[in-house]
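Shared between the two complexes below is chain A, which has chain B as its partner in the first and chain C in the second.
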Partner chain A sequence: MTNHTPLLAADAACPASRSLWQLGWQRLRRDRIGLAALWVVAAFVLLALAGWLGLAGSHWRHEVAKPNTPPALFKHYGPATVELTAADIDAAQQHHTSTADASAATGMSAEDDPLAADMAAAQAAAAKTAPASTAVPPHDGSLVCGSDSRGRDVLQKVIQGTATSLLVGLSGALLAMLIGTVLGALSGYFGRRVDDLLMWFYSVFTSVPDMLLLLAFSAVMSRGIDTVIMVMALTSWTGTYRLMRAEFMKHKCREYVQAADAIGASHRSRMFRHILPNVTHLLLVQFSLLTVALIKYEAILSFLGFGVGVTQTSWGAMLAEAPAELLQGYWWQMAAVTLCMSLLVTAFSMLTDSLRDALDPKVQ
Partner chain B sequence: MFAYILRRLWQMVPTLFGVMLLLFVLFNWVGGDPSYILAGKSFSADTLANIRHQLGLDQSLPQQFLIFVRQVLTLDFGISWSTQQPVAEILASRIGPSLTLALPMLLVSLLLSVIIAAIVAYVRGSLTDRIVTLICTLAMSVSALVYIIAGQYWLAHKLGWFPILGWSDSLATNLWYYIPLPLLLGLVVSLAPDIRFYRSCFIEEMGHDYVRTARAKGLSERTIMLKHVMRNALIPVVTSLMMSLPYLFLGALLLERFFGIPGMGNEVLNAVDRSDFPVIKAITIYVALATMLFNLLADIVYKLIDPRVQLK
Partner chain C sequence: MTPLSPLLSVRNLGVSFRMESGEHFQALKGISFDIAANRTVALVGESGSGKSVTAMAIMRLLPDHHTTIAAGSEILFEGRKLLQADRHTLRALRGRDIAMIFQDPMSSLNPVFTVGDQIIETLMLHTGMRRKAARQRAIALLQEVGLPEPGRKVDAYPHQLSGGQQQRVMIAMAIACEPKLLIADEPTTALDVTIQQQILQLLAQLQKKHGMAVLFITHDLGLVGEFADEVIVMRHGEIREHGPLQQVFSQPQDAYTKALLNCRPQLDSRPARLAVIDDFLQDQPYQPPPQRARGYVPGDDIVLDVQGLCKSFESREGLFGKRVFHAVKDVSFQLARGKTLGIVGESGSGKTTVGLTLMRLHQASAGRALFNGQDILAMSPREFHACKRRIQIIFQNPYASLNPRFTVEEILLEPMVLHGIGHSHAERKQLAMALLERVGLPSRALQKYPHEFSGGQRQRIAIARCLTMKPDVLICDESVSALDVSVQAQVLNLLQDLQDECGLSYLFISHDLSVVKHISDQVMVMQQGQVVEQANADTLYAHPQHPYTRQLLAAIPQGWPHPGGVALA
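Showing the complex of A and B:
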């Protein structure tokens, strides 16, 4: 213990040397665009966190307004909807319960129609329960982002969609990085046989285009968020693997690793305690690149119906409703999703660029 | 050179084996027993046993794998589970429409992006450069889905400039009537990332000493850009182009889906939709083969256009 005191005294004399992370943070703080991007991404992550915890967007399944209500600011820009009151619906139902009307619709007399009795009973039952379901929705026409074709609040849906898409993007990227880093470390560090085997594995996965691989995986698996995350991780680890393999090959011959070997550090300790901290800054950049890519992939997968399940929503699932809505002139759901997604993707890409500059050890 | 090609071809064997193993694990092991899907609504124990026998599912896993290997080696993937057509026949009829869209798109996109990238790189740092870069960044942030949905709605439905979707049997009608809108939207999606990448290729080359030497010799800017810089900057461009060629066979998945083009991409999506495993397996094997061959071709072309490259 006494040996340390003179060392500390010597340290105090010369200026404190800062780690790459401290330097990086300092550079990032000076980069105004990078900092702004960081704040936007942080805000999105907070929003997504609130979504996962059920603090925001948890009521997205509730039908709170009339179908396709335009956003509050653009009340007069949406297509005119026919306002149906409860009285109209009641009148229409009474009209339909008469058997004469039913026979006109089917072209058969009541005696010939085998379903006539059942239909009349069903309509009577429906008429009885109808008043309860036509209760006036709470806030009508005051929704910031309008409502979708089922009267659900688009704002709530977008928040929930952000939560889902970010969850898929972040955890898919995290898992992919984990696979890629471990395999890349093994491959680059041990080389020879291990490297041959893992390179074979890598070449198998890269010989099939990403999208096709994603589709092949989702063809045999069920729908749902956990499946999407797993499929994404299993198909997108290759980039990280290649990067980490090259880095570990480069670092394993460096003097500090030889020194670690000399003091008797095990292979695992050399790989993950000595080399890994020296390449984490590359992993961070790779992580944000991968997150953006996966968010885009998730949107496409969910749009095609191979992504999140039908009881969940995400940006892709919301965009899947857009073509049909657009045809009727209901543009707000698509606009909300596009705005949200572009903002996040732009901020993430700018953050990636800034991170790359800030964490580059060569820049002084 | 010849020895190199042979060695590379030989290296493809284990990779292809790996792809087969991956597909086998996915579709025969993870995918579970498909005979229930095939039997439809009214099935008996007999029908199930019959189907399982036909697919070879009553044999052991190694034997099933051998059946699959034989299918790949003879390029005969049996019949589609959903349409009962031979898989080879389906794929042969799908490749044409895919290429009809993807080839013109590749050519136009390449031409436009190289020209724009060269111009922007030449006036680097100017207002034009900054505006183009900004537009590219913004354009890349919008999902491809949004471009296609909005483009199809505005240009085809609202303005009526293009047909909304469709396909015909004659190549000329397809090219003049049905292709332009998907082509345009495909360009909008692909131009931004391409321009950014090619711009960085050009800028890197323009900083080299040989450019200064050429200027010092008194060559015109035009000659320097077109004869000196372009040749060198095109090396990474050609490589990335060769790497993107296998995607031609897969077609533009989303565009084909939206515009009802009966190509490979549409077929993949339908096959995934209907759990039509033979079709997915066949397409994956073909695309994997194409990817490996084009990677080899890319390396050879790389050597041909850049004599500094040593093939190992």
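Showing the complex of A and C:
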């Protein structure tokens, strides 16, 4: 087209030379929404990094407050919580015996009660640990996000959950991309038999509903983060495969690849040195799409109880606790997770959108 | 409207585009011209001259968000101000009073509707015809534009028609409402020469019959001589020359027009060096260089001897069926050292397949290709790897043949690394710099990326890439077809210099007969995969034997009688 040439001329005149990546970055920097989204995503990644390194959220399993303490800002709005200690029960029993006969409560006299001795021992033990248990809630009423049903700090849990969810999302997506790219490249580049074989494999995989496949894999393997990542990668490479197959089919006929063939470049060099860098912008977009999808999948899996192990927490595992809590009006754990997740997922999606515009200016 | 007032009048039209960097690029710098009713005006210019922008501005099709039309610009159509017109007026105007034909008919027709439907839609929209009447009119229109079997073709989908037929449909659609002004934007660029000639004749004929005004946009000055009344020559958004056809061709006033007229290779002369624009923009008058004699002579050393080359493609049909398509049938030729063999033919003639098969980018079905006595088609891939550096290819599209993610340095160094040329990185880089200089690019170009260069510069990079391997044979597959005439002359000169210097042999594949005549010693004409004629260039052009060759030669646009009294090719 005629009006492209002046653009080239202007570029040639400008002294600094920029690669297509640098030009893409320049375009992204001009996109305010994209840039804001990038900052949000970067902040989350930093937070997750801090979580992995144990700089933040490492005390999430400590019981630091009374169970179900509302967030600091909403101290007076949440349902009032009363923690029952051994002394309270004692007092209640005293009160009970004073008003009615002891036998009315247990139905038998203290001498006949077979548990009386054990109860006495338990009370003695409770009395021993009593000083420790009174030292537990230093944060009472001052936790930013409140505490959960076991008195753990929700903020710490959210940070740890972010770390887990992002780890699962990012590495699951990376693994899925790796499988999809390698298979797609082979399939699209070589075509014929290789393509037929891989397409059959692909068809078999996609014929099973995604969720069913996820559940089947996770039911067979043991629980844990590594399992979740494997399961996700094994079920979600198909989209990338199709994309890469189509791209490699398209690019292998391009003149620059033929030119590489003509100068004697090997198959491997043509596939990964010539074609791959020309499709990486699509891979980047695909990667961010997949990450978002996998973060959501992880939440679903953990919610259904097939996710991370009991010694770990993730957004999904935290959401799994929500139904029981909501029944009693303890909304803050769910609110914190939902807020974080929607923020990250939205920012990620907007970043994807901006990336596509920035790296593939033809769509504009 | 008085009979004297022009149909379309463009006054002081200035258009600028906001570029990605935020800067403004001035595509049109205040141009003015008139088109009178019933006249054909040709707008000629190379890429970047602003000719297409002018057409888009008249149609008001420029993208709003990054286009600025300068204050004081005015486009009057029958006295109505088009630049101030509202959407409703414009919609009524477009298609009914002003119609446009685009360059690529394949992408201008909607592939999911039959061609009849698309013409009928135009008719119903603008003339309020009923469907049945519109269909009858559509068939009549298709008949008028010379489509065979219009009654049947009206229900055909675009992909069922050839390129020429599609362009006829586009023309039928454009003239459906009897527009007063027809804008044809490079309507024949995507077509073969013989088809191009038919379309041009059709346009001229329709213009006379319907009394339309035509704004004919082209990069090829040779085309307009056939039927334009006036010629406007544009460069860099300015009008360089405007005048009646005869005057522009016989007494060009502007140096740029003179250059354009001269830098295209001609059928009747073969200067040792083609004229380039710079020759005309300097102070001294241009001195035509001496003529060059060409042709094979007995005793020429044969580098490449191709015997009975065949290539067929198989496509699947049904579940187990196969259909075989013979792209190249029994092609034999000899290429002499330091000489050029031109292959001409229209699209589908198999000329490109010959080149790709010799490079083994396609596997030959049969035949031998003896390169210095060895059959390169029978070699194992490993053996052929060593031969690859001796035979190289330059592709048609300089925008597609360089990897956009590589710097020029990487592009030039890759073949050297693959073939072990040069001992160290520094030595290779030195060689790359020397080659860049040889092809006329500064050595600082090494750090740049292909997208920072123009088409001609990219083709130079592609040539430099081939030269890194010091090949004996260079296959030029339509290597100058995508370039502007002036750039084409520069690249042809470069190829010629390299041949003189290094004794390269060229296999020059092109659809452009004048270019092939200029650069070739021997010419081979191909049609539907077969060689129909092969002879020394001068003999073949002077005394064509085969009817197809004669047909091709007759279809070359003849232009206007040259200052020297000879036809311009």
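Some notes on this structure:
Criterion: the second predicted complex is superposed on the first by the 291 of 364 C-alpha atoms of A that agree within 3 Å, B and C clash if a C-alpha of one lies under 4 Å from a C-alpha of the other, contacts with A are read in each partner's own complex, and residues count from 1 in each chain.
Criterion: a contact is a pair of C-beta atoms (placed from the backbone, for glycine too) under 8 Å apart; a residue touches a chain by one contact, two chains touch by 3 or more.
Note that the coordinates shown come from a computational prediction; the quantities given were computed from them, not determined experimentally.
Of the two partner chains placed by the overlay, only chain B lies in contact with A:209; chain C stays clear of it.
For chain A, the partner with contacts to more residues, out of chain B and chain C, is B.
When the two structures are aligned on the shared chain, A:326 is found in touch with chain B, with no touch to chain C.
In the superposition on chain A, A:265 makes contact with chain C only, not with chain B.
Of the two partner chains placed by superposition, A:253 touches none, neither chain B nor chain C. Once the two complexes are laid over each other on the shared chain, residue contacts for A:278 go to chain C alone; chain B is not touched.
By the document's definition of touching, of the two partners only chain B reaches A:349; chain C does not. Of the two partner chains, chain B is the only one touched by A:200; chain C is not. Within the complex, the chain C residues that touch chain A are 17, 19-21, 23, 25, 27, 47-53, 356, 359, 361, 385, 388-389, 392-393, 395-397, 400-405, 407, 414-415, 418-419, 447-449, 451-455, 457, 462, 465, 469. The residues of chain A lying in touch with chain C in their complex are 1-3, 5-12, 17-20, 27, 254-256, 258-265, 274, 277-278, 361. Chain A contributes residues 200-201, 203-209, 211-213, 215-221, 296, 299-300, 303-306, 315-316, 319, 322-323, 326-327, 334, 338, 341-343, 345-346, 349-350 to its touches with chain B in the complex.
Across the interface of their complex, chain A is touched by residues 14-15, 18-19, 21-23, 26-27, 30-32, 137-138, 140-146, 149-150, 152-153, 157, 246-247, 250, 253-254, 257, 268-269, 271-273, 275, 277, 280, 283-284, 287-288, 291-292 of chain B.
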